[in-house]
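Working notes for the structure below.
Letters A, B and C mark the chains as written, and numbering starts fresh at 1 in each.
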């Protein structure tokens, strides 16, 4: 690559960085003040692009060049207003819900917005107009460089400066910075937090919308932009350091430039080995993030995070289930055991149940590290995928007998968790979550690109259990393995290790002071969770017969999060209930409508608003209220005869 | 016998010397109070002894073994127990489980995967709770306790490793006068019974003068005085940087002297 | 300091100048009730101490007054208006200033910025006279220590300086009534002394203060009246002098 090509790529990277920065800055601001990890931020970006497309089409006819620029501004403002509405109508109601619950709500928003865009603009990609006056290109060392890119290069630093001034020079900025530390105190000093939050959310959304709008002449609007953008924005915010705007800009620059370089380098030979750098672009930002987080656990310019003052209520101590509960579980197990015998009447039931069981195991393994472990994993699908692909490769490529492949595959996932976990447990909070996401992205892209072994995007097919384990027998194998895994997980939680795990989560400081090796406890928990997720993957692949990289993509990790949060993170039964409800809902809604995402998102939003403690948590509360009421009734009943005696 | 020997200990945070070359000894069976204005370096000193912070220089020796450079969990294994300024317990465990956890860890059972922990070291845990007067609350979640009670639970956990040295960072902060005396009388009794030593920081002068055998005074990271109550009370520099005119506490002191 | 105290008579105001009137206040932490049918009032210009052992419900009372507890019930009239249904920020805007016991300084913000967070517009009493209003400049004169470190981040201040900053921050809201939670808790004796001087100086300027305190001696130095709480119930109320003389009450509920 010659110098002019390099320069052109670097300039491209600079232009790319601006949009990324705008999205990441908004995300960072919103997280800092409201503590919400806004999954819908990519959707705001996407909306910005779509809205800009429509407004510009409309205005340029009547106003000409001015219409283009006005259109971009109006698009950003519209997205800001949408953000305000979202905050007022939805988020404001759930600020007091447990941590991460808002994440669930914003994820539901992603689904709803995506279908809304599909309904209004259709599935076709839409390419916007060129910027009037900047549609040409400039000659740099003999290469044509689009002049619009110079506008993009400038807008990032300009916005950075403006937002920085806003934060440092205005009363609003002082309040925002105070709110990142202690919002309750802010209220006690007479500041209306509700409007502060709304304004921050609106500003964040507007920045994302602007980031999307300015891409109009460069990038076609498409429905896949939301998740792709949110992934990149997360990476930038984390690499730069949560809450640091200059950090976000530096990170955006770093990642955009490294990506541009990879594209520029293309396929070359390094030390005699052919290396395809362009293929690396799928994963390079996650590699950068992994490296940065290992070296600087709080990002390039971030600070260690102070514990937020607004923590969810403390989890109640674990108690063994009541006798009633054990009977109920026994009955349920019995029902599951006889289900295949009813296949004449319920032909689909055992197929669905088998899927549900596998999903339950996946969710339980995630809950194990998220709930009692307190480590929020955004990339748990990696271990599910390692189990599934492990089985497929052992079986097909290494031609192992099926039972042996089945037995070893979960160990592959466990091995993955052993390696990744070692890094992950060194971090905490959002940073840990992001590193899990990074590792899962890396695994995914290896699977996606290693076509010789994994079959690339086509995946691997023809992986069926041995004949003696087929059909109903496989159902029973699944039932037995899943149920005994659940029993084992429960057992571990009530064992000293389970105590250590919860102790490490509640207070790492205290745990360390009484001699617990916190990191090792968390590492072992990570491995255990990986093993069980791997087992779920193994069970999955032999029931489906094939696998593609989709089965371990980010979406699958998010599904797991939704299940755990939906069921209630503070409850051992939560993931079981959450996974069951999730699978059945998804199955029935997907078959019923094309707009299943919107319906599904709507249902999640409804559940979030109605059951802020999760479904299982809600029923636990009901049960407690019932017990309370009965206890009081019993006291009254006991008191009654005595008063009667007295009267007698 | 000298249990703890601190020599030329110092700690800098980005160029600022929080602790600046302090020396002191702590003997078996002794209650040594570390006092001084907020920000004098008391907690920093504490956290260096406990291993939560690494000293920038100097040495801390427990019975001849160097503590500087060791991690908190290793220092715990050397029979040093501690409580924190803001009590740190496991909020989602019951009182009993908190102490059981400390015992499990002390006995190296923290990684046991399958055995139910419910019955393990239950009696020992209850005995420790009885020592601090918390056995009635054994089954309650730690998150529900009054603050003074949380501090007692913390003390029970600090005793689980049968410590030779107990570090108590503001043990009576947030307590009423009666609770203060109860807790410190208990501590004093434990020191005698268990033949251990206690290093504690404290702002309540009634507690310090009534229970400390000796006190050292820090100001701006330096040790400015060391001695018994009589000596410290009349030390002009201590009066200047810490006590002030003494008007707000001389009343309590008078009361204390009657009691002691 | 005692001399100051004896010459300082409570500013006399009619009963109509009742600032705060709490009737039958109940409050809960989760399922546990921590305040029972609490009645108390504060008049303009008074310094009233809320006394009691740890866990007696002093801080809970303050949080309930500020609306910072999820579950509470009962009447709170402030300046003649019912405020018990208002959000914390609305109460603060009516002129109820709260200084929490655990300081809660914004550590990344400078002293000046901390004050800015607390700023509210000037107030006037219903009779039109100007309330005790503050500007940062006046506060820096009142707290010379803070004046010398206007650009220092809150996190780099000593405990005593932070204590002063939280009070100053609340004063920036020009409160009609200051709720001061445990001013003498957890700070060096020399700071405790400064706090006492500060309260007396505020009182001399006509401020009204409700403070919670465990230290009878400290409360005796600064307050006119006292309520004694035990297990969420008011067990005693009277003038500070009466309380100091009443050994039975002191022994039963305060135990010095």
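Simple rule for what comes next: contacts are C-beta pairs under 8 Å (C-beta built on N, C-alpha and C of every residue); 3 or more make two chains touch, one makes a residue touch a chain.
These figures come from a predicted structure and were not determined experimentally.
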Chain separated most widely from subunit B, comparing mean CA positions: A
Of A-C and B-C, pair with higher C-beta contact tally: B-C
Centre-of-Cα separation between subunit C and subunit A, whole angstrom: 45
For subunit B paired with subunit C, centre-to-centre distance based on mean C-alpha positions, whole Å: 31
Two or more partner chains touched - positions in subunit C: 30
Subunit B, residues touching no fewer than two other chains: none
Of subunit C, residues touching subunit A in the complex: 30, 66, 68, 87-89, 92-93, 98, 100, 104, 106-109, 113-114, 116-120, 169-170, 173
For the subunit B and subunit A complex, residues of the former touching the latter: 50, 52, 71-73, 76-77, 81-82, 84, 88-94, 97, 100-102, 104-106, 109-118, 120, 141, 143, 154, 157, 160-161
Touch list for subunit C against partner subunit B, complex: 1-2, 30, 32, 52-56, 158-160, 184-194, 196, 214-215, 217-218, 221, 254-256
Residues of subunit A touching subunit B in the complex: 314-317, 491-492, 494-500, 502-503, 505-507, 509-517, 520-521, 524
Footprint of subunit C on subunit B - complex, ascending: 36-39, 144, 146-148, 170, 173-179, 203, 205, 241-249, 251-252, 255
